[in-house]
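Common to both upcoming complexes is chain A, partnered first by chain B, then by chain C.
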Partner chain A sequence: MSKLREAIISNCEKNFLLKCLKENTRLDGRSFDEFRNIKIEFGKDYGCCCVYLGETKVLAQVTGEIQIPKSSRPSEGILNINVELNPIAAPNFDPSSKNDLFTQLNRTLEKCIKDSKAIDLESLCIKMSEKVWALRVDVNVLNHMGNILDCASIAALTALCHYRRPDVTCDGEVSIIHRFDQRDPIPIVVHHYPVCITYSIFERGQFILADPTLLEEGVADSFLNVSMNAYKELCGLHLGGKAELDIDVMIKITQKVGKRAVIVVEQIKRALELENSRRSKKESIGFHNLVSNSNEIDDNFERCFDSWRITPYKKKHSSNNYDSPQLGIQENKSDKMEQRGMGSAVLIPQGFEEVNKDWGGNSEDDDADVVEIPREIPSVSLVDSDSEEETTIVLNAKEQTKKKWKK
Partner chain B sequence: MIESSITTNRMDTSNIFEKELDLRCQFNILTRPNGSVIYCEGETTVIAGIYGPVNCKMSKMLSDKAYIEMNYRPKAGVPSVQDRFYEDIIKNTCETALAGALYPRASVIITVQEMHDDGQLISCAINAACLACLDSGIDMRFIFASISCFLTKDGNLHLETPNSKNDIQAVFVFVFDSVKGDVIVSHTEGVYSIDNYKQGLKISREGSKQVFKFMEQEMARRMKQENTS
Partner chain C sequence: MSGGIGELVYPGNILKNIRSNKFVCIIGPGLKRNDNLPNTLIVTRVGTLRFESPNTYWVDSLQKRYIPKRGELVVGIVAKKAGATKKQKVNINVGDAVYAKLLNTYKEMEPELVCVDSYFKAGSLGVLSSEGFVFSVSLNMAHRLLSIENPLLRTLGKKYKYEIAIGMNGKVWLNCAKTVDVLKIKEAIEIAEKKSDASILNTCKKVR
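Showing the complex of A and B:
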């Protein structure tokens, strides 16, 4: 069933992409070893960040609670990483059913961050075999445009570095959790910064593309996820798909990953530094700051709705005059915008008043904010000989040509 | 006692209307969904996205209208009972507002993702769902606007989250439709009197006009951008 909702890749697309690769180009104009831009934004809560990798977007949040440790490791805290394939990211993602992609992402990320011992779990212990901090990293995929894993690994790592846990003091049997205003929160100890980097492999290793997009992921024979930290130490390796790979290709990719990992980690550290300095200056932080709130509309309201509705649909595709400001002004001359009650407006073309009366009465007792625009406009303006619409000119031209024919 | 509290309320309402709500939104922030929006009320932020109409599961298919798959995702952890409850509120609202009968045997996927909660989460999520629907251009019977009204312990009503959250005694959430301004959803939390509720409804109705106006402006700007680009 969910297959139907997937973005299907046609043979045309596939062949075109492969043809482009043979000519050393990618569809988005990147070179083979080029990555998409990384952008990191932070939320107001500690441990909350939003990471963009090109158009792929991921939201990560770290939460902590106090739990009983595992009996096998009584002095270690607990770290859980959970990637959620949010149905906002793609229509075929279903939160209730766990598919292969879900399992693979979770396991690879766990290998990258947890199994590489990047986080110091011993420091999360409050009391041996009784109380430890259990951290949970929730990674929500918001927009799937290929290469979720790289994006998710950056987000998870950044969120962990950004997270602050409340201070806990032990007083004999009683342990007190201090609020943030009582004692400064404590950051988590991060030993090293491992990130996942993905390469797609085409035509048995003939073409190797860094940071594949959704289409490239679909066409590729196989993919290689390499987790590496800034010291170029390998933390994980996952080869999926069905390509035969030479050892030297593998080594070549790993060397490339090393260079890239340094850049990515540098970028993460810079973003965190910037964020910390903003927090210490007590600037307003949070996602709401990233959305502009200019209340005035750049151009006046009427013009906007005029050009939206009056222009006949045919013109939208055929003529370039559509965008020209001259046309808009001409339309404004012939038409009127009239306010009817609170928050509603009527667009009246010349010689149109009589038709309006029928439905105009309704809007007075409404709080309606829908701007209702009579549907008859195009036909009326066609009949109206005074109108300066282009279509009428065309009609006249036809008549003229007809007259010419008669002559 | 009740008398005095009402008079203080009335005094307070005049202040409320002068204050403009801090609303922000940005359309088309995600490339995959058919319609998407990031919407903020004060500091509360959510992202909403809509796909549809798309192919429907056989088990969920409705022969007379579209099935609405509503997903409300909390920022952290698995969705709790509370989140399911919010999901249901938004779903019911969208079901009444969307012209589902136009798409029988299909489904519409609406997802709301919490980004930051500062108290107005439900109203923010509902408004975001409406804006996402508008952005996608799916057929609707009417648009809807939601507003949260906070009753503090001193008996005052606020349309914005009070600074100290411990003072909140009750929260009213109302959703109004755009055609007649009727209430479609009423959700309350906490302890309050009938008078408080009526007063809250009155203030919320006034406040909702601001939200409708905001939606209209934002849509106008979006149309403008679409035409010029």
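Showing the complex of A and C:
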């Protein structure tokens, strides 16, 4: 099978996206600073986890082996991060050629996790300048729907936190690697939790979107990814594309990233806790558990469809109202509005069928009119002003009459 | 497992008791002749087995990769501009969406597209306005949207004013006056993708 060309972003998509941004909407209905949902799942093995960021999906696996340390750092373990971009993620990815995206991802991840000294490498030493643990994090992108980096950084970090290495004891010359059933495996020492967070920049910083999708990534002028830990310490920063960014904007983004990093790290910790408690309770663990949940997903679809079923009613409603653009914006917002929409959806058919078939949709306007009447009260002040005019007229009239009298 | 008509079949399933017309049976995607056993078929894809009387069998699967087929209408995006002569100036830019017909589809060659019918008239084919929006659906959904029995597009048409071009390659071009409407229709199609035909029909009946 020949390699597929990279999908071109059509002018339609580009124009439409920019048009949407000018109307303050995003294609998936998120607000500009909103991120997609993160879901973290763990495999049966230690150090194996799968992270979903919306539809983007990344699998990370940590493996460890014993090696001779680098001569420059004889008492430190080795950490390697390796990103794989396979055609499974996107058809145009070629695993044999290391392209820009690959290099950039790999390097940024290394900067984020390795260079920020999040992992205590010295604790991985078994015998100085002879034996150290060499950890390798394999990050496989399973689905590319934009923002691989955020997803991969969460996956790599979570996998490292989840990983357990076998205990090693040194007995003079001989060192023994203990099996998991002989001695409890040892987790890696993690000093802090740095995560990458990406923002896309459009129209020279006019629009800044958090967590861009594939299309948004393609259309954006540039991107800024910031790695930060939960203590809001900067661990790395990368500005790519043809960027022209104010310092103020940059600082504003980093502040936002700080808030977001706290949330993400909390979520990672919670997921790890849950997983550990499940393991200690000896519940069944691993990806196969996810398969049986498929029925629940079906229910979600059902709910989705309900919301859709309501929207046409709503649309009808808004098309009959005068201020439809306002309603349109409200429709985009989430659940609360839907409930309100449900209410209106129930109301419409009643008024629709019973009250008057001749007038069609006018019955729906009743509500709007009731609201609008009090708004029209200010117009009463107009009458007041009229009365003022009247008084002046009267005064004039008096003057005139005086004049008349004088005459 | 036998796998009756309308049931889920898996690769490797063997179909027996094939109905044929004058000893001829037409098989579509997802099926292969079983060489080991005469008069049987072997399934090569996961999906629902379909049958059209008198003798056509195929498997409806959720495939996303498009395999070009001669005569089908597709929505494509211009990747490269070449071959414009002085006589024929083409007003097309890279990145434009076009609605075109597949002229040639040979395995060894890149498929060829034309934007005119056999009378050299453009008809509804040609460059699609850059005002709209292009998105992808699964091939199955494209087929379903185009089927006459599917009421989804007609029902949406009662509520929204829109233009749509659905390519057999799963690309859909959509245009409305308002961006909000485009997003709503896109959402509706994406949700309907996960729904069965029957439930779409049901909901469409409710929406008046």
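Everything below uses one rule, namely that the second predicted complex is superposed on the first by the 288 of 407 C-alpha atoms of A that agree within 3 Å, B and C clash if a C-alpha of one lies under 4 Å from a C-alpha of the other, contacts with A are read in each partner's own complex, and residues count from 1 in each chain.
By our rule, contacts are C-beta pairs under 8 Å (C-beta built on N, C-alpha and C of every residue); 3 or more make two chains touch, one makes a residue touch a chain.
What you see is a predicted model, and the numbers here were worked out from it, not measured in a lab.
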Applying the document's definition of touching, compare chain B and chain C: which contacts more of chain A? B
So, A:263: does it touch chain B (first), chain C (second), both, or neither? neither
Touching A:25 in the superposition: chain B (first), chain C (second), both, neither? second
Examine A:177 and indicate which partner it touches, taking first as chain B and second as chain C; both and neither are also allowed. neither
Under the stated touch criterion, which partner chain does A:239 make contact with: chain B (first), chain C (second), both, or neither? neither
Thinking of the overlay built on chain A, is A:288 touched by chain B (first), by chain C (second), by both, or by neither? first
Contact-wise, after the overlay, does A:5 reach chain B, chain C, both or neither (first, second, both, neither)? both
Contacts for A:189 in the overlay, against chain B (first) and chain C (second): which applies, first, second, both or neither? neither
Classify the contacts of A:274 with the two partner chains as first (chain B alone), second (chain C alone), both, or neither. neither
Across the two complexes, find the residues of chain A that touch chain B and also touch chain C. 5, 91, 301, 304-305, 308
In the complex formed with chain C, which residues of chain A make contact? 5, 7-16, 19-20, 23, 25, 27, 29, 91, 301, 304-305, 308-309, 311-313, 315-316, 319, 325, 328-329, 331-332
Spell out the residues on chain B that touch chain A in their complex, using ranges where they run on. 22-26, 30-33, 36, 38, 40, 42-45, 47-49, 51, 54-55, 57-58, 69, 71, 73, 75-77, 109, 111, 113, 115-116, 142-143, 176, 178-181, 208-209, 212-213, 215-217, 220-221, 223-224, 227-228
In the complex, go through chain C and note every residue touching chain A. 65, 77-79, 93-97, 128-135, 155-156, 158-160, 173, 178-180, 182-184, 186-188, 191-192, 194-195, 199, 203, 206-207
Could you pull out which chain A residues touch chain B in their complex? 1, 4-5, 43-45, 48, 50, 55, 57, 59, 61-63, 84, 86-91, 95, 136, 138, 140, 142-145, 286-288, 291-293, 295, 297-299, 301, 304-305, 307-308, 322-323, 342-343, 366-371
